[in-house]
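The data blocks that follow each hold one structure.
Two complexes are shown next, each including chain A; its partner changes from chain B in the first to chain C in the second.
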Partner chain A sequence: MELRCVLDNVQGLVDSLSAVRWKKQQDAICEVSEHGLVIIVEEWGCLQARVYYRKELFVSYEYSAESRPRFGVSLGLLVDTLSTFSSTGTTGLELSYPGSDMQLLLKLTDADNTCIYAEIRTKVTDTVPKEYSVDGDGGRRAVFAVKSAALKEAIDDLEWPGSSISITISPDPAGVILRGEGHHGDLQIDFPYDAHNELFAAFQCQSEVSYSYKYKFLRATTANVPNSVTKDNRGSKLTIGAGGLLKVQHLISLRQAQQHNMDPNPTQQGRVSYVEFYLMPDEEA
Partner chain B sequence: MECTLSGNAVKGLHRAVACLARVGPELLLEALPDKVTLRSLNSARSAFVAITFRRHFFDRLQLSSSSAQCGVLLKAVCTVLRTQPGSVERMAITLPDSNASKLKWTIDCLNGMLKTYWISCNNDIEMQHVAIERNIFPSNLVARPRDFSRLLANFQSSLQEITLIATEPFLAPTESEGKAVELRSYIDPVKENNDGALHTQLWIDPAEELRDYHHTGVAVDVTFSVKELKAFMNFCEGSEADMQLFFDKAGSPILLAPKFSVDDAANADFDATLVLATMLGSQLRSSDSASDRAPTDAQPAQGAPQAGYTTPKNAANKETAGTGSGPRSDHTVIWSELSVVNADERSAQQLFGKDLSNWIAADTDEESDGDGFCVQATPPHRRG
Partner chain C sequence: MKFKAFFTDKGVTTLEKKFVPAFEKIGKTCYVYLTRTHVTLMHNAVNADGVQAIAQFKEALLFDDYRISSQNEDRIAFTLDLNLLLRALKSSVSMDGDKLQIKLVKKRPSLNERPMPYLTLESKGFRSAVVQDIPISQPLSRGDVQELQDTIDAVHNLPRTLVQMPDLGQLQILVDRLKNVGEALDVAVTFHGDVHLQVSTTLVSIGSEFRRLQVLGERAAAGSTLDATASPAMRLEQALARGEASSVQVKIKHFAKSLQCSLTRPDTCYVGVAPSDSYLVMKFQFYAPATHHPDTAVTLHYRLPVLERVG
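Our next item is the complex of A and B:
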């Protein structure tokens, strides 16, 4: 076994993986390392999503491989399998790779010790997912963080106008403006940055940046985040980097199976998984 | 033109738009210095609704000219109002000038977001302003929307038109327990798939079911669309007002309006009117033409359960007595037939001039007559 890891509550993994399901048929690439798991889904050249599951989130994480395994797996199949019996919220998962035929092996254990065994066929992948980065451009990037629910509401509203949405982050007046124009009409949503309101968790912008993105991809970054996560109101962080690359990052809290271990500040304890989306700007806009 | 509103007024506007959206496809907005009116007309031009907000409904109402007007798609307005009223701090509607191509709505949300919509205007909307004085109607009734909803629940939910039959209420209850008002499902015989249609008749005592009722003289009936009625009922209920229905006779339009209690009326900051066209032919008298008959007095009999159900088969094949009238008269005759004393004497000639008397619930006894009517005859009700 190159990897055998145990999660006490599979619900968090289901939530994170659901957030990156924007199409019925998606192949995910899974990269395993000594640091944890990364699952990558991509619409080549337009949108890429990554789910990071660090090894600290697992109850146990045994990794013994010479080179980092990378394999492809159907995302829909994986999420559906994991969520089949996780409705109780206390289902544990033991994940192993590879099986005798390079399968992904799953053992889901319910609170009353009902076990489900599943094997999912994996595929060999040649494609190496592109490594996107919004950092390191010496200042010409803008970052802000808002409540996930507000961001989702704004993007849902922007369905009405049109196919291309412009995002403008400016220092003066400080704030973010999302705008869409269509033949029914136009919609502009302003997020004014005001130290007094609780809309922003962070805002950093030195000079104005403005780019347009295709609505369907922008929508993919928030539409499938589970309601339990948006209600949680953990911030979503957006960064526009060089050339207009947009990074949307959500934090998904992982609830623990044992109720007595209520942690008010999960970030400190590392009980958070990261979901990141990378969008290329809309060239046609 | 610019107006701003907040608090409960936002809910009021949501309710109004929801009602208009169930009537017609377009909204005509007209602003005058002392009020703003929203109007909509349905595509069949048989329903017209107007909701007026007085000046003090708004936080601010400002016009640069004597009036401002524009037409927009109701679907677009509904999209604007998707933001829940509870999360709205303030809303503003702006029309730069009457030739403006876009109507601007700004929504200040409680969480700090500011949403600005620009909706394309269609200034070619021709909408008739239907203005009818309420006091020309001889009859009216007032109902609590919830109660009326309950009465309508007895009817098939897919029912499209309904007939209201109003008679003069008996003054002496002991004489007979007259239920002066009847609601009756209207099934259009012209339509194709009526076989499974549920026919319903509901007699109600205005004293029990209605808040108020005024009708004198001969019985009248009006047949109108249910869809807009329900939309207006919801509007009245949400606005915490009773609903008043003014009517005259078959073919004349009916008018509905909210009725406020004496205390509320003074403070009411809005008013609304729904005008519905009614079908030309009367359900009570076998149509119009050619008849020397005296109009029948509808005095529904008693002791019967309040709702009657039947599914007359072969309805379309029944003969109509020399009416030579339009498509619907078959139907009128059917009901009259059912009220014939002796179920055997189903000859159409005998109907007219008789009282529309006893009619009780369908009897599913298989031994009844083979031509599809499962009705038990009862001795005629004799007056006096």
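Our next item is the complex of A and C:
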């Protein structure tokens, strides 16, 4: 086996993967390394989402591949299959790869002689997902982090104009403006930094940046964020980099199984999964 | 034909709280089959392309002063809408009257129409009486009644091995999730007391193995064991190869419906494969009060039609 790992919080993985489901049929690419798992979903040239699941999030993680395995799998199928396991007790779910036919194997054994198992067929993939970055662009980068619930609500409301959504981040006055101008009318939602800095976890902008994004892809970045993220309100971070590349990042807290963890604080270091979206600006706007 | 009886309190509770709600989950209407000694509720008794469910009660469990007569050896059968029966029973309970009488009558719904059959429930309280008429089908012919009787007789011909079912609540959660994956469910039972459930499509197989459950009937020989270190699928193959297991495929929606049997609150549930892999059979037992012995006054069986395997 190139990978054999045990996960005690299956619901956390289900939540992370559900956050990047914006269509019914989606193929995901799974990359396995000594550092953990990365699951990538892409609408080529428009939107890419990545779920990072570091090895520290597993109860055990044994990696022994010579080169990093990469395989394709149906995202919906992976989520539905994992959901089958998340209802059962608190014992660990074992994931291993590859099976005899290159399947992804899952197995969970309960104390009372019950075993649930799954074999998911994987696909060979030649696609190498593009590596996007919003860093190192010589200063024209703007970053802000707001409470996830507020961001989600704003983007949900912006469905109404039925148009592309412009995001403007300016240093003076400091704040963020989301605006849609469509057939039904215009809607603008302001996040002024000084007046409402309780909403902000971070704000950094040296010069104004403004780009437009297709609504359906912008909405995909928050529509399926799990309730735990909006309740925790850790903040979702948005960065606009060179050429208008937008990065939206959410942190999903993962609680350990109850018998392992008496500490009710879910934000302990290492128990967080990262979900990142990369959005290309709308060329038509 | 004539039928008249008074419900016992236990009879009302058994039907209103347990069996009628469970049977409603399988279908809207069902057969009611009355004989001199037994009262039977039946689903899909004749054309078993759905879940076939048969709940048989000794008349003394449900009724006092039970009177039945017909030209067909005092056997009467008809169909009725379970929701109407349930509502009538519920409102009779809220009446808290003296006695609840049930009888078969013929009435004209209006002056212009011809008389139609009804099951009438009459509840007499201290100050008022409530009469509820449940419309029923025309009584079944002699031939159709015999078919119902033949179905009941066949159902008592049980598989040679029955294995205790895993916890129904746990199964319901699992099967609800498996329904998202595929439509056909492989069910296998082994003489070692294992139950296997699996849904497979071209892209995924998900299964569950429940081990070391109680076995009724034929069981594995002492000393015969399966490889504990093998995967569940390999363990099942081993048992099948030795002739110590049976495996059939049923519609997962049928299996999910039959798990609603939990509403009858059985004390034990067993599953097995009928001879020639013709049906998947579930047998439920209800203990006599304050004992751990099955109450012979009530029996419940479900039969699920088996799908032909493709490939």
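We take it that the second predicted complex is superposed on the first by the 260 of 285 C-alpha atoms of A that agree within 3 Å, B and C clash if a C-alpha of one lies under 4 Å from a C-alpha of the other, contacts with A are read in each partner's own complex, and residues count from 1 in each chain.
Definition applied: a contact is a pair of C-beta atoms (placed from the backbone, for glycine too) under 8 Å apart; a residue touches a chain by one contact, two chains touch by 3 or more.
None of the values given here were measured: they were computed from a predicted structure.
**Q** So, A:62: does it touch chain B (first), chain C (second), both, or neither?
**A** neither
**Q** Now for A:157: first (chain B), second (chain C), both, or neither, which partner does it touch?
**A** After superposition on chain A, A:157 lies in contact with chain B alone.
**Q** Determine, under the contact definition given at the top, whether A:34 touches first (chain B), second (chain C), both, or neither.
**A** A:34: touches no partner chain.
**Q** Counting only touches as set out at the top, which of chain B and chain C does A:208 meet: first, second, both, neither?
**A** Neither chain B nor chain C is touched by A:208.
**Q** Using the touch definition from the top, say if A:194 reaches chain B (first), chain C (second), both or neither.
**A** first
**Q** Which partner does A:119 reach: the first (chain B), the second (chain C), both, or neither?
**A** Only chain C; A:119 stays clear of chain B.
**Q** Touching A:83, do we find chain B (first), chain C (second), both, or neither?
**A** second
**Q** Give me the intersection of chain A's contacts with chain B and its contacts with chain C, in residue numbers.
**A** none
**Q** Per the contact definition, I'd like the list of chain A residues that touch chain B in the complex.
**A** Its residues touching chain B are 147, 150, 153-154, 157, 160, 183-192, 194, 197-199.
**Q** Which residues, counting only chain A, touch chain C once they are in their complex?
**A** Its residues touching chain C are 74, 77, 80-81, 83-84, 87-88, 113-121.
**Q** Help me check something: in the complex, which residues belonging to chain B touch chain A?
**A** Touch residues, chain B against chain A: 73, 76, 79, 82-83, 102, 111-120.
**Q** Could you please specify the touching residues of chain C with respect to chain A in the complex?
**A** 166, 170, 173-174, 177-178, 180-181, 202-212, 231-233
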